[in-house]
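Note sheet for the following structure.
Note that the chains take the letters A, B, C, D, E and F in the order they are written out, and that residue 1 is the start of every chain.
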Amino acid sequence: MVYLTRKEHFNAAHKLTNPAWSEEKNKAVFGKCANANWHGHNYEIWVTVKGKPDPDTGFVVNAHQLSKLIKSEITDKVDHKNLNVDVDFMQGLLPSTENFVIEIWKILEAKVTGCELHCIKLAETDKIFVEYYGE
Amino acid sequence: MVYLTRKEHFNAAHKLTNPAWSEEKNKAVFGKCANANWHGHNYEIWVTVKGKPDPDTGFVVNAHQLSKLIKSEITDKVDHKNLNVDVDFMQGLLPSTENFVIEIWKILEAKVTGCELHCIKLAETDKIFVEYYGE
Amino acid sequence: MVYLTRKEHFNAAHKLTNPAWSEEKNKAVFGKCANANWHGHNYEIWVTVKGKPDPDTGFVVNAHQLSKLIKSEITDKVDHKNLNVDVDFMQGLLPSTENFVIEIWKILEAKVTGCELHCIKLAETDKIFVEYYGE
Amino acid sequence: MVYLTRKEHFNAAHKLTNPAWSEEKNKAVFGKCANANWHGHNYEIWVTVKGKPDPDTGFVVNAHQLSKLIKSEITDKVDHKNLNVDVDFMQGLLPSTENFVIEIWKILEAKVTGCELHCIKLAETDKIFVEYYGE
Amino acid sequence: MVYLTRKEHFNAAHKLTNPAWSEEKNKAVFGKCANANWHGHNYEIWVTVKGKPDPDTGFVVNAHQLSKLIKSEITDKVDHKNLNVDVDFMQGLLPSTENFVIEIWKILEAKVTGCELHCIKLAETDKIFVEYYGE
Amino acid sequence: MVYLTRKEHFNAAHKLTNPAWSEEKNKAVFGKCANANWHGHNYEIWVTVKGKPDPDTGFVVNAHQLSKLIKSEITDKVDHKNLNVDVDFMQGLLPSTENFVIEIWKILEAKVTGCELHCIKLAETDKIFVEYYGE
């Protein structure tokens, strides 16, 4: 079993506010992330799949194909977008990095073929990142 | 003359649209950066000053004081903000990285003491950055 | 279960010498790291916790609170210090990166609340790092 | 159990072509990587071992010795070489990153002493890397 | 005057051998870089232009257009290629990083419009890079 | 004229205290950097030379030779040392990054042959660096 990881990046805006809470409570819990007029990030995403190398190609997966899949399924839908407003699969969810990585997993797990999705790592800044293994 | 550089970072949202243009023209010129609902970045900023090292301290400038100056004058005002909406010194300007770096220069040049502001470098992503030397 | 990681950094001095050994043996085993007059590093630390995202916040942990905890419990005590001389929790231990990460784990495990400490990664240089999972 | 990782790097040329296939099929499957006249990479390799810190040294392994082992067994044999032509242990194999990491594992597992080889991570570019745990 | 830089990357193979010299002399001067069967690198290129921001766009240059220009004129011609064999504009030249950056300058200087080419920086590894300002 | 840069690194301990000042004044001016028991850094150094590429080699300078020169003249003398105590060329000087880069310049300028020393850049952390051009 070899694990192969492909990294991609995108830029997006978001804000963190729980609509069931007052502005004061949102500010107390989310701090600067609750700024009403949005803020944003350069996100980095690492998608890791696992499998046995194919004897004909030496590949667990064709990394170029994997890059195209991540692009068509995820980054084309979130790059230069507002996660709260523009992104279908985030509607009704707080766009924390945690919730975001779980939704990305659901989409990619159904689309990866010929190998198995192992982990998605998503970095909001160079100091904060999350990882999700599907359970 | 020794050049000392201090790096800081912040996150912000923005969009690029010229209010004198149609939506179509904005989209043609600015592409994804014209997305109506904002997008955002992790910005990195490098502030370079120059001077002779002080014989008593060995410093051109106290880098900790320079960091506090950048924080109070710039990053506190733009971190987790919307450059188009929330930031006083960007009002009436297109928030391109070019225009942004010039405004930051104007503010810091008036505040740096004991040495001379030499260059401000501002990176929007790890692939695009601008530099400004004050003229 | 989502894993969230927060990165912090600090600078410290140390040396590696076993007091039960001769200077020759220390030099043979520890090489340049045994230099009597100390040397130092910019350390990077990654603290990873795991848990289920809270439905009200989308957070496994508030990353800003986690940063404050790491700061008050660890980096305030070791930043710009000498690990052999100045740091209480390293007294009587060889300040190898391995021993250091185990002591940091013991402190943070008792202080993390609302989620579970999963891993601490500690880098001495960009070429050497250790990871500890608590057992 | 503490995990210690040492990073090294090297430069090499390779191409990906299955000799049982036509030039057209190779181009369709491997794309630019099938270029007949080779292309190359700056590879980064991370070797992770695990063990209990030795009470006399605080080390799982002497990282300087581990570096020398990686150098004598791997990087001296592949640095500034052609993986398809010059490297004995890659003969008869497609030099994909996946196949390459498995062969490196086989060599190092037999040579690491006093601790256990845990993982080898091998990056072809800053966007593609593989990991292998020996099974 | 604002300076804007766009970074791109590509992979290529090369070797350094002066055809007027013996194999021994080539080995003595170029060391491992003379390996007959090629070696390769992940190159990084930074293209810096300078100009006044356009009042209508805030741009010195549209960074997306600059990226496309670098791609069509340079990286499409060298990515996954052999600099000695496959690249027209390097024929008859030793493919040192120095000679390579000068040839890239000649091509891009003639193609950049609306602003002025200022500098090209080309990195062969993360430890060696060259810069050229056109004279 | 092409500029070539070679990067190296080393680790060292230091402290910043002006012997003519009281402990209180030192603490007020230098903060944590005045800690009596030392602290340390992973330093990165970039040495830039300029010249015309040699027609026989394509090189401004042989980067491997430049690396060996930096190693024998600088990093062998400061790596895993205490800048205040162990390093001859820093005696009698406050070991600020500014004073350090000037002394390194003096040593290397006298030793670089076949091209001209242009700049030395010295980073104390990833947030603070200095540059010196010899005047």
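Here is the rule we use: contacts are C-beta pairs under 8 Å (C-beta built on N, C-alpha and C of every residue); 3 or more make two chains touch, one makes a residue touch a chain.
Not measured: the values here are computed from a predicted model.
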Please identify each chain that touches chain C as well as chain D. A
If chain centres are mean C-alpha positions, then the most distant from chain E is chain C
Comparison of C-F and B-E by number of C-beta pairs in contact, larger one: C-F
Can you spot which option in C-F, A-B or A-C is basically C-D again, with over half of the contact pairs the same by residue number? A-C
Distance between the CA centroids of chain B and chain C (whole Å) is 33
Just curious, how far off is chain F from chain A if you go by their C-alpha centres, in Å? 41
Identify all positions of chain D at which a residue touches two or more other chains, and write them in rising order. 126
Sort out which chains touch which and give me every pair. A-B, A-C, A-D, B-E, B-F, C-D, C-F, D-E, E-F
List of chain F residues in touch with chain E within their complex: 1-8, 48, 53, 56-60, 62-64, 67
Seen from chain E, its contact residues with chain F in the complex are 16, 18, 20-21, 29-31, 93-99, 101-102, 126-133, 135
Considering the complex alone, what residue numbers of chain F touch chain C? 9, 11-14, 32-33, 35, 37-42, 79-82, 85-86, 125-126
